[in-house]
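Should a chain be cited, it is by its letter among A, B and C, assigned in written order, with residues numbered from 1 in that chain.
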Amino acid sequence: MTYLLLEQLNMIQALPDAQRFMGHAKRTKPAEDPSLTHTQADSPMGEAMRLHWQPVCMSSQLNDLPLPVRILSEDLVAFRDKTGLVGLLHKHCSHRGASLEFGRITDKGIRCCYHGWHYAHDGRLLDAPAEPANSPLLQQVKQGAYPVIEFKGLVFAYMGPPAQMPPFPHYDSMHLPDVELVPYAISHDCNWLQVHENLMDPLHAVFLHSRMGEIQLTEAWGEMPAVEWFEKGDRVCYLTSRQIGAHVWVRFNEVAFPNFGQVAGFWEDGLTAKFFERVGASRWTVPIDNTHCWIFGWRHFSPSLEAKGMGNASQVGLNQLDIYGQTGERVYEEMQRNTGDWEAEVSQGPIAIHASENKGSSDRGVVMLRRHLAQGINSTHLPAGSIDGQTPTWTCNVVLHRPSPMASDVEMKLSVPELLSIGRSVKTVILAADCLSPPLRQAEIMAQLQALSKPYE
Amino acid sequence: MTYLLLEQLNMIQALPDAQRFMGHAKRTKPAEDPSLTHTQADSPMGEAMRLHWQPVCMSSQLNDLPLPVRILSEDLVAFRDKTGLVGLLHKHCSHRGASLEFGRITDKGIRCCYHGWHYAHDGRLLDAPAEPANSPLLQQVKQGAYPVIEFKGLVFAYMGPPAQMPPFPHYDSMHLPDVELVPYAISHDCNWLQVHENLMDPLHAVFLHSRMGEIQLTEAWGEMPAVEWFEKGDRVCYLTSRQIGAHVWVRFNEVAFPNFGQVAGFWEDGLTAKFFERVGASRWTVPIDNTHCWIFGWRHFSPSLEAKGMGNASQVGLNQLDIYGQTGERVYEEMQRNTGDWEAEVSQGPIAIHASENKGSSDRGVVMLRRHLAQGINSTHLPAGSIDGQTPTWTCNVVLHRPSPMASDVEMKLSVPELLSIGRSVKTVILAADCLSPPLRQAEIMAQLQALSKPYE
Amino acid sequence: MTYLLLEQLNMIQALPDAQRFMGHAKRTKPAEDPSLTHTQADSPMGEAMRLHWQPVCMSSQLNDLPLPVRILSEDLVAFRDKTGLVGLLHKHCSHRGASLEFGRITDKGIRCCYHGWHYAHDGRLLDAPAEPANSPLLQQVKQGAYPVIEFKGLVFAYMGPPAQMPPFPHYDSMHLPDVELVPYAISHDCNWLQVHENLMDPLHAVFLHSRMGEIQLTEAWGEMPAVEWFEKGDRVCYLTSRQIGAHVWVRFNEVAFPNFGQVAGFWEDGLTAKFFERVGASRWTVPIDNTHCWIFGWRHFSPSLEAKGMGNASQVGLNQLDIYGQTGERVYEEMQRNTGDWEAEVSQGPIAIHASENKGSSDRGVVMLRRHLAQGINSTHLPAGSIDGQTPTWTCNVVLHRPSPMASDVEMKLSVPELLSIGRSVKTVILAADCLSPPLRQAEIMAQLQALSKPYE
């Protein structure tokens, strides 16, 4: 009874029943879990991330000027020299510490503004023009630098111990025919993990993206799915299965240790059959420091993925994406009225407090992911093998005709076990094809799924 | 001799006499007094404040969107559901920590944006729609919440242990006939105490509001008063007595433990007799955290209080008041040229350093207030009793004809003891009427004061 | 091999040779050297600075309002009272701590806004108007204050122990005939030392100001000089000698313990003979706190110094100077494209990390300066003696005809030893004249240098 006009009660206002209110009992907040959330040098999660290639900027950010970047709490400067080589150097010049963001890009490196020390993209000191030509500094000094690979508009660096540098991970989804990868980068004012684990949380899509307000994707997302989560090797995955009228839409998403993830195409409506349509976005959640992070990734565009014309490659780039609610650049009132992933993730605080959570069965993916990360820190998950230089990934949308003994049952709702069973059949088909070379695999999976789709015809 | 043109002295510039300057000797600053200034959970003063109802926002701030508020270093979200009930919940959802400031207000509570968890105004979990209907979470989870009472446009919360929740304090001044209470809220970038103790410091009005520059209220405030401070129960009070020509203006102000205060009408000029004219503003100084606070309160408007037309209810609200110098929203140069309470208080620093002060006889109220607060922390001051559901308060302006054996003495200045004696007579009349019911009390006090006003007629 | 189009390599992208990259090995950063960089009260360097007169603001900043200043991590308020006396007081009023930046300037001091306490420029409490006339506070209270001398548009304070106050340092360069001293003040967002030591680093001018991009001064600065650094008493100095065609330009700069420095005229082109042309700027690098500082100083203007019309006294003042790149008020892209001293200094970080540097022979001045500072902290360097009330300084530009046995050798480049020898001859002439009174000295040095300039005629 908290809202009474005093006048109505002759000046005796009823007090609330205080015993019901738990604010005082629950006011003390536990601390964050540093083992998964902290990523500076020498932190367990930070060292695990450093053993993998990490995006650090977009190619389009490298013009004729150096770019200061902060990654994993390290201050760095990226640049492309005039031969096209990309360098990623420690920010402060080894000479007297001026920032190389004010350096001059040269034919084969960068010169510090202050005294002209000239570094190659790999940190070699090529020239220290105020020193004698025989200065021992030229042999002794190396600017801190990290190996870089540039791929499809993203610049990746390896920041771990040199002896442990892994191959660059060529996921099959980076090489699909007819797919254009459009790079993007979105900054978040919070810890990396609360952004990343959203990928293994399919239920939020039902609410945040659908039922809570405006339809942010398609109506089908608002249908409650049956979900199966599973771990396999370096992956954590889920399949959601939703009945959409006479069809069942199975969505298969995955993350790979430590911070890569893929989601299937965004605009699925589940209304027509579809067999192994692939990825909508591939992305890495990269810590800037412990309370800020980037999503670096690619939006995938193809005629099939964009058949409905809902995507827009021209809106994909630095702090912009053609999916609603992914950036922090809207006004506060709009964030309140039509909340997106960005607010749901960032508003958990600078570092989300796991010990304050109350997780249910719908959070199984988040629980599984955190455990998978913890295990990965202590004993690296083996990365999956590759075929023809590509590592198979599973992310896809599949839409099957619903199984039914008779067409007249088409209005009957499938049960959760029936939906889960369909999802598992899809999973079985897809995983079984890992050993095939890419074009064979695509054809084989599509054929098998098409077969699954026709039991009642 | 610090300002000499060298040329005038043939290049021998006299040095200052360094021994006179105490900057070096006094450069080390002591620390603040945490016992009175710190108010986070488990701090002595913070726990004392939590045993009392505290305003947390204005009713007008609660529209169709949730309102994030920070009170006593706790992050909260206030909202009014569609039935009109006001809730005050911990900011972070008990599920996975998304901020409820991005929740959707419902018919009977608020739903978290992320997975739709639905909380009643008292923190009960009504629904967790991604969980099974029989999920134990529905019984186990309670969102941190505090009991709320809404009154006259302010929302009050009780943030202490439930078993110790006191009645809502119905001061008589909240129920005066013909008085409109207009709510306001003003943020201050400093600790709460340096804002609150200004209320027991009547001398600053002579200087800050009058003699230092522009007349911010009326000329009468610039007259040096005789002051009596006293403690009684949960109150610290003062009476200032000023001779204004043929009249004596007695002003009676009070604060109540821990952070409530009232000041009498603002526009008094002392030129005409007045008997027990009441309050100009009632207010609470509420910590946001240890270095920020709100004043929440009501400006009182009545035909009598505003007879001069100097107040303006349309200028009273969020970070605005119809009294000069009460907000931080003026430009710096205006703050320097015509300084108000806001600057005098905030410029003492994030937390004023008591150990650096040099207090004199004019600071007796501040000293008394701090001692009263320290005593209140250790053994709660008993709140005053109530009559007909109202607790009597004393704040008022009284203007009496000056006592004089002969009309010809009217030009003679009253001495400080004479002024103090008049103040004490007023105090005696007013305090003696505490036991009367509100309408009787008003009539009795006015009659007694009117009698005091006529000794020489 | 970091920039390969995958397509060109049939999807097998070559990995960089990780062993060459030292980023991981060098990622841990040591701490700053607090003994030279920290300057708060009781720090070794801070106490050394407090034993010297320090500029704290410009005269032009003192108008009819008080000026808050922060110097050596102390919060202060400067003001000029109505008789012209300048006061420098602790910011917080000794009464109850309100900031004196909101005080009222009076005929002979300043009154606190809050209760009108009235302080003289030396901190004496002249009046506490809310207290009785016989209050012991009037004798007991002194506002923290520092002795001040105002000179040529700068306000200097002595913030050390009164018994050790030194004379004001009248350098000869403050009293040169026909020279106008135009005061300026430039704030820097970094520690003082990385700003100050730039003065003993003549090589940066070759790169930062010349070869790295636009010519910021004259082309002659881009010629690599032969440099000699030396210490003498409280000074660290250098002479740079550059052959400019048929002339040799010798530039003589100096710093004096702890934070004073002078640089010779800026616009020298070395094309015509010049004998002992003096100072371009005299300046002190004054800590605001450990991560911010001011340069306070004078630009020197004279018909001779400004013969080329490149300077502009109207661009000299608060955060502006008529030399490119000295302030932080340009846009970031311009800072990147045409980098100035401000960025080179500030971008070293809040406090430059000496232990991360790799210093070479060109950094000898910086090494010498830091050692000189460390020695000065432990045993004060004796200041140089004065003649006729002036302390001789050496800063100057000298341009001599190059020595040559035959005119036909004029195209031959002088060797570094030859250039050093010429520099030393100039140094010998200038230092030998220290004992002469100012006008005699100027004439004597010019005559001697003129003699040096004619060996091959």
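Quick note on the criterion: a contact is a pair of C-beta atoms (placed from the backbone, for glycine too) under 8 Å apart; a residue touches a chain by one contact, two chains touch by 3 or more.
Source: prediction; values computed, not measured.
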Q. Rounded to the nearest 5 degrees, what is the angle of the rotation relating the C-alpha atoms of subunit A to those of subunit C?
A. 120
Q.
Counting residue numbers used by both copies over all numbers at the interface, does the subunit B-subunit C contact come out same (over half shared) or different (under half)?
A. different
Q. Quick one: subunit B and subunit C, Cα centre-to-centre, how many Å?
A. 50
Q: Provide the list of subunit B residues touching at least two other chains, using ranges where the numbers run on.
A: none
Q: Using the touch rule from the top, collect the residues of subunit B that touch subunit C in their complex.
A: 2-3, 6, 11-13, 15-28, 194, 203-204, 206-208, 211-213, 224, 333, 335-337, 339, 343-345, 347-349, 352-353, 356-363, 366
Q: Give every residue of subunit B touching subunit A within the complex, in rising order.
A: 41, 50, 65-66, 74, 80, 84-90, 92, 94-99, 101-102, 104, 111, 113-116, 121-124, 128-132, 135, 137, 140-152, 158-163, 165, 167-168, 170, 175, 388-390
